[in-house]
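The following pair of complexes shares a single chain, subunit A, combined with subunit B in the former and subunit C in the latter.
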Partner chain A sequence: MELYMSLAIGIIFAVGIYQILSKSLLRIILGTSLLTHGVHLLLLTMSRLKTGAAPLLGEKASAYVDPVPQALILTSIVISFGVTSFFFVLAYKAYQRLGTDNMEELRGTEDE
Partner chain B sequence: MNNVIVLPLLIPLVTAVILIFCSKYVCAQRLISAISVVMNVLVALFIVNQVNHEGIQTLHMGGWLPPYGIVFVADMLAALLVLTTLIVAAGCLFYAFRSIGEEREKHYFYPFFQFLLAGVIGSFLTGDLFNLFVCFEVMLIASYALIVLGGTKRQLRETLKYMLINIISSTLFVAAVAYLYGTVGTLNMAHLSQRVAEVHQDGVLSVIGILFLIVFALKAGLFLFFWLPGSYSAPPAAVTALFGALLTKVGLYAIIRTFTLIFYHDIGGIHAIIGWMAAATMILGSLGAVAYKDLGRILNYNIIISVGFIAFGVAVASSDSLNGAVFYLMHDMIAKALLFILGGIIIASAGTNKLSEMGGLMKRHPLVGWMFFIAALALVGIPPLSGFLGKVLIIRGGLSEGHYWLSGLALASSLAVLYSLIKVFMGAFWGDVPGPRDTQQPVRIHRTAYAAVIGLSVMVIVLGVGSEWIYSYTSQAGAVLSDPSLYINAVLKE
Partner chain C sequence: MSLLHIAVLAPFIVALVVMLTYKLIGRVHTGWVILPVPVILFAYFLGLIPTIQGGEQVQAVLEWIPSLGINFTVYLDGLSLIFALLISGIGSLVVLYSIFYMDKKKEAVHRFYVYLLLFMGAMLGVVLSDNLMVLYGFWELTSISSFLLIAFWHHRDRSRYGALKSMLITVFGGLAMFAGFIMLYTMTGTFSVREIVANVGSISGEALFIPAMILILLGAFTKSAQFPFHIWLPDAMEAPTPVSAYLHSATMVKAGIYLVARFSPVFAGQAAWFWIIAITGLTTLIYASIRAIKQTDLKALLAFSTISQLGLIMSLLGLGSAAAYYGGGVDTLLYTKATTAAIFHLINHAIFKGALFMVVGIVDHETGTRDLRKLGGLMSLMPITFTVAVIGAFSMAGLPPFNGFLSKEMFFTAVLQASHMNFWNADTWGVLIPVVAWIASVFTFLYSMILVFRTFTGKFQPEKLEKKPHEAPLGMLIPPVILASLAIVFGLFPNLLSYSLIEPAMAAIHPGLLAGGDRFHVKIEMWHGWTAEIYMTIGIIVLGTVLYKLHGSVSVLNRPLSKRITLNRLYDGGLRVLERGGKSLTSTYMTGSIRHYVMYIFVFFIAVLGGGLLLIDNIGIDMSAYAPMSFYEAVAILGLVIPVIALPFVRTRLMAIILTGAAGYMVTLFFVLFRAPDLALTQMVVETVSVMLFLLCFYHLPKLKREKVPMSLKWRNLLISVGVGAVVTLIALAASSGRAFESIADYFIKESYNSAGGKNIVNVILVDFRGFDTLLEITVLGIASLGIYALIKVDLGEGILGERDRYEGVYLPNSNDVILRTVSKVVIFIVVTFSWFLFNSGHHEPGGGFVGGLMTSAALVLLSMAFGMDMTRKIVPFEFRKVMATGLLIALLTGIGSFAFGAPFLSHSFGYFNLPLLGETELATAVIFDLGVYLAVVGVTMTIINSIGRDN
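This part shows the complex of A and B:
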């Protein structure tokens, strides 16, 4: 199972990086969003998948799942959600003011 | 257990929430932020004193003992950096009062300012690697808002790049945390240090260490600084002063903490890489500082040079050089804030940021001129001022460990700093006022701005003249860095 997850994470990372390298701002934001999803899956997979019961006292199981990665992922999801929405608003504002979403045209000149 | 050490984080957080509710009353906002920062400076002084007398202070959140709960640790390094951060913040705040503009003040400048402080201080105090990531994000999200606040075309354009770089580095941060957790199964820094020492720092852990190095180097502007000159030239001077003094230093702090506490076993490998990155940073930063004729860019490249210099101290990793790195870090935060605020005043009174169009400011603002001169000499490292002791210690550490080339390079970079800042001094303050501007009204500098720069200048002089006394504190910080067991015992054995 870990192997398939690793492959999936690899594919998500590859697609995310490909999107970030494109010129359109919207694609770049989607790329960053994919990248963070990949990282969350990575965090989940790094602690081994399905190693035991839910970490509750009443379960009386012989092995329990490590709850820490899930807590970390939850925190990270909240942060990336906020950042992505801010990024979208910023991109929209920038598109309105600057009239373009092409990163090639957003280089800026030396003396302005 | 000591509940006081969460206060420096809590005060700005609560202040920010209060400030959000009185965004329409500018005077009230100024008053509340000023009171909050001054109060926080006193708390930080108290903590430094406590750490000095009673050793490293810890706080276990919610009573969960480490390594399970989140722990706050105030060792001397963290306490001193929190104090310096707050002094710098007070300076930038007082300068911002009259320079930032009412529009920005009404649109939540002060709350973001306080959130940024909360993030920076949290990063210094936390003893948990994932919590460090969270504090980084608090700081970064506040910085995204501050850098774009005002919404000029240039700000919008540069913020897009700044955000993209930081999102990518944060993603890598989480990835590095995931690998580390998967390998050693803990995130508490003291516990990590123990476990890494037990399993030996082999190939996998070295790779993870380098991943952390890339993440923090992106944030600190160590070699991977391509984003810095553009982004930092977009926002107004008060914000740039805050960023230049604090944000890159948080990245450096993370490098210092990680590579003296966790990945300190492989001096020949990772630390050699840090050394090479420091060398490249100093060379490229010096080239930039010497080449440009635009005040903002010269100052931005000066940030990069000093990041390289401090990283050199970390790369050598002897007790002398670590002491020096701590001292120089404190000096550099204050001196950079002073330099950037003075830069902002110069640009405001000359009406341009091009050196060729400036001149004659010495006649109008002699005090500003002399303070700029003091700041420049302090950054170069002229003896009675604050930069001297740090440079001496770092270079001495470098020479005694046999890093002759790097030490020579570090000294040469001081010359580049001297050349670039004296170029600014001569261009802006000497000579005559250029023709057409003669008829304009000279810009008045408000007394809060004077209070900020005079306060910071006094700090630069005190840090230099009283360096013997300050050194007794920074050497305690350096001692913890050279001997990780002090930190581990304070956190885990209670």
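This part shows the complex of A and C:
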């Protein structure tokens, strides 16, 4: 399972980065969303999959899956929600004000 | 902390006090306030003379970073003492002089004195530190204070230019010196100068010995303005004249001399040391003396004269180092005479040059010009100033009975001695040494005469002067008169100095030549018969007088050297090339395009991580222990990958958003599969809310266009993307294949219930074990939401719009769907109740503040969609930013609360209580913290949604 997950994660990363390297702001934002998913799955996969019960002591299992990446990911999910929203509003306001979402046209001038 | 430490630190402390209180002492000239500092220091160092003369040293250690061998060790021997006396003595006179020179009404005098004190402390630190690292720190501090003082009149271009130049050159040398110090440390294992001197025998053969020497000499030569690094000193004359007198003639420029003298016990005895210093010194001596006679600005003349005299002292130290070669015996004592002359001339130069600078300052102050072509005939108008000038200039020219005569004679003795040397190839080239010295002395005589007689005799030209000249005020005259008197006293009674100061300093420079308990015997005499030296002096006077007569008419003497190739042009050009080159180099990769920067990051990522994985031999991808995969899981993976792969190919915004959302929901499914119920819940709600957010915004973003990208760029992007993907896959495989160390997970699994009283380990980690992280995380969320709020609300240039003013943003779709409205009435209550259930059960079962808060927000969003935001605002009349703030506050207060019980920040406690109705119930402070998280999340989410989807 880990092998296929690793391949899937690689694909998610590749597509996410390809999106980030495009010119359109919307695609870039969607790309960062994909990267977030990729990172979450990567964290889970790195700690091995399905090695025990869910990390709830009420399960009274003999082994539990690693709770540490789960705590990390939980934090990350909420943070990335905040960041993505911020990014979206930034893009939307930039477009409203400057009339373009093309990153090449948004580059700074010589004096900045 | 010893008295000596306090002596070094006192100027800094007073500088701080002056900076803080100068407004309170407004009516008094700041100079009067700080004058006691150098005076008391001078008295203190005078009081130490008998101790040092008795062959003792004063030292004290203040531990700083003992583990690195860096301590603030102060050490006072004969050499340091001379410098300390110069710094405090000349410092006192300069401060007194400056009180009358710096107009309190026109200048920021407090700033001037703060810089001056900064310098005084730094310079004392240089000469009193035994530890090389501390010495280096003080050394650079003198460069910085010199920079500040040169640029004191920073509205002038020339001042800023001069300040930058001096800074660049001296700091360059300082860095070289620093490298030399590090090399010495690697060889000896200590930063203490005394310990290095003690170990000198064992290091002289090492490969780093000569490089260390050259680097340290670079520091000394740049600081002491030796050829070809001298170019900063003439430009440093833009500083107020008291600064020139103090820093740029008497003390700071002698720091290089100090360094050479201080390291003589380490390096003397090396042919390289002897030749480098002697040749550099002699070159500087003659070159600068020739430049000096061509100057028309009095301060420029003095600047070149200072460079020339520094070269003289430097060359003497070089010649004196030959003594270490012989290491005892009769010849040795002959060579040490050069060292004696160096120390003596060091003192003399500070005295007569200090006086001359003050004279020039007076002339400048009283006439408004320093230009020799405008000056003349001031003798009768300024008789006292003229007298001081004559004494100073005659002393500089080496005429009896002034102190300069004595050291000039000793200089000749030393160079004549050098011409008889029979080692290190000196027998061939040594003959040149006295010739160069003599010619340079002729020029010295010449510029000394120009300085005095062009200014004070000849035709008085009042029409060319800005002011009507008259004698300076008494306070400005006292310091130069004192210095001129000293020039006479030390000329007539030189042995006042030789016993008290020169002998102990000799012992510090040549420790190896003394048997235990012995001391150098220095006796300086005015007359030693008709020797070669006296004939040389007579020759100088004769030839010098002839040249003075010719000076006005012979252009070789008064025209500047070639203007085409000068060191200054080299410096300016070099600086320009550096600036332009730096700019063009930077602009090749700092393109302003974020895509490029992102590309650099990813290429670096591939190179470092991919390269790293390749370099490690045994990544050890071990697939044997991998979990099995069922058919349905394979389908799920396909379900995840297919929308992802499809994403780059879709052309509509809506489709792109839906595909990304699909991928997100599939990730939720994987969280379920991989036994992460908390994550699945949270991801599900977040995905719902974000898709809604995307849909709110996307309508207002431009349509996706077919990007007109050249194929080559596409391939490049593809290559980078696939490269990163491959590296990540490898990392995932390598990381899941076995561990190099034990996981910390076992600890959390074991302690979750015992220590924190919770059965949901993930939730316990979040609110208890890593509660601090969570606190900061919700703070970040709060900042993000406020950022969004501000972005929407702030109209650049117009300030924050009123709560409901002209907002032309996006509108939350307001549904008229009866079914939605009807259903949502019921559903909302169910969702809110469920969210509370999730929140409450979080400690033991899946749930918690995060997911609870998100779920509540989802219910509120649903409410807004069904009934419009006005209705929502009526039903839930909260200001969500305040809800967020309340949540943060609760979380923070829970953390602070643990202080009341003497526990560290964010310690939690739990217990079991028998409550009415509920029976035996567990209550934990972690739940209060989680409540804070819950409120913060609700506040953040709703602030974001409300900001974006504001109703009209």
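Quick note on the criterion: the second predicted complex is superposed on the first by the 106 of 112 C-alpha atoms of A that agree within 3 Å, B and C clash if a C-alpha of one lies under 4 Å from a C-alpha of the other, contacts with A are read in each partner's own complex, and residues count from 1 in each chain.
Everything below uses one rule, namely that a residue touches a chain if its C-beta (ideal position, glycine included) is under 8 Å from a C-beta of that chain, and two chains touch if they have at least 3 such contacts.
From a predicted model like this one, the values you see are computed outputs, not experimental measurements.
In the superposition on chain A, A:Thr32 contacts subunit B only, with no contact to subunit C. Of the two partner chains placed by the overlay, subunit B and subunit C both lie in contact with A:Leu42. More subunit A residues lie in contact with C than with the other chain of the pair subunit B and subunit C. By the touch criterion defined above, A:Ser85 reaches subunit C but does not reach subunit B. Judged by the touch definition given at the top, the superposed model places A:Leu57 against subunit C, while subunit B stays out of reach.
Touch criterion met: A:Met1 reaches subunit C, while subunit B stays clear of it. Of the two partner chains, subunit B is the only one touched by A:Leu98; subunit C is not. Of the residues of subunit A, those at positions 20, 25, 40, 42, 46-47, 68, 75, 79, 82-83, 86, 90-91, 93, 97, 103, 106, 108, 112 touch subunit B in one of the two structures and subunit C in the other. Contacts from subunit A toward subunit C in the complex involve residues 1-15, 17-27, 30, 33-34, 37-38, 40-42, 44-58, 64-68, 70-71, 73-75, 77-79, 81-86, 88-93, 95-97, 100-101, 103-104, 106-109, 112. Against subunit A, the residues of subunit B that register as touching in their complex are 130, 133-134, 137, 141, 144-145, 148, 151, 153-154, 156-161, 163-164, 167-168, 170-171, 174-175, 177-179, 181-182, 187, 230, 294, 354.
Looking at the complex, you find that subunit C touches subunit A at residues 591-595, 598-599, 602, 623, 625-629, 633-634, 637, 640-641, 644-645, 647-648, 653, 656-657, 660, 663-664, 667, 670-671, 673-679, 682-683, 686, 689-690, 693-694, 697-698, 700-702, 704-705, 707, 709, 717-718, 720-722, 724-726, 728-729, 731-733, 735-736, 743-745, 748-749, 752-753, 759-762, 765-766, 770, 773-774, 777, 780-781, 784-785, 787-788, 791-792, 796, 810, 844-846, 850, 854, 937, 940-941, 944, 947-948.
The residues of subunit A lying in touch with subunit B in their complex are 20, 25, 28, 32, 35-36, 39-40, 42-43, 46-47, 68-69, 72, 75-76, 79, 82-83, 86-87, 90-91, 93-94, 97-98, 103, 106, 108, 111-112.
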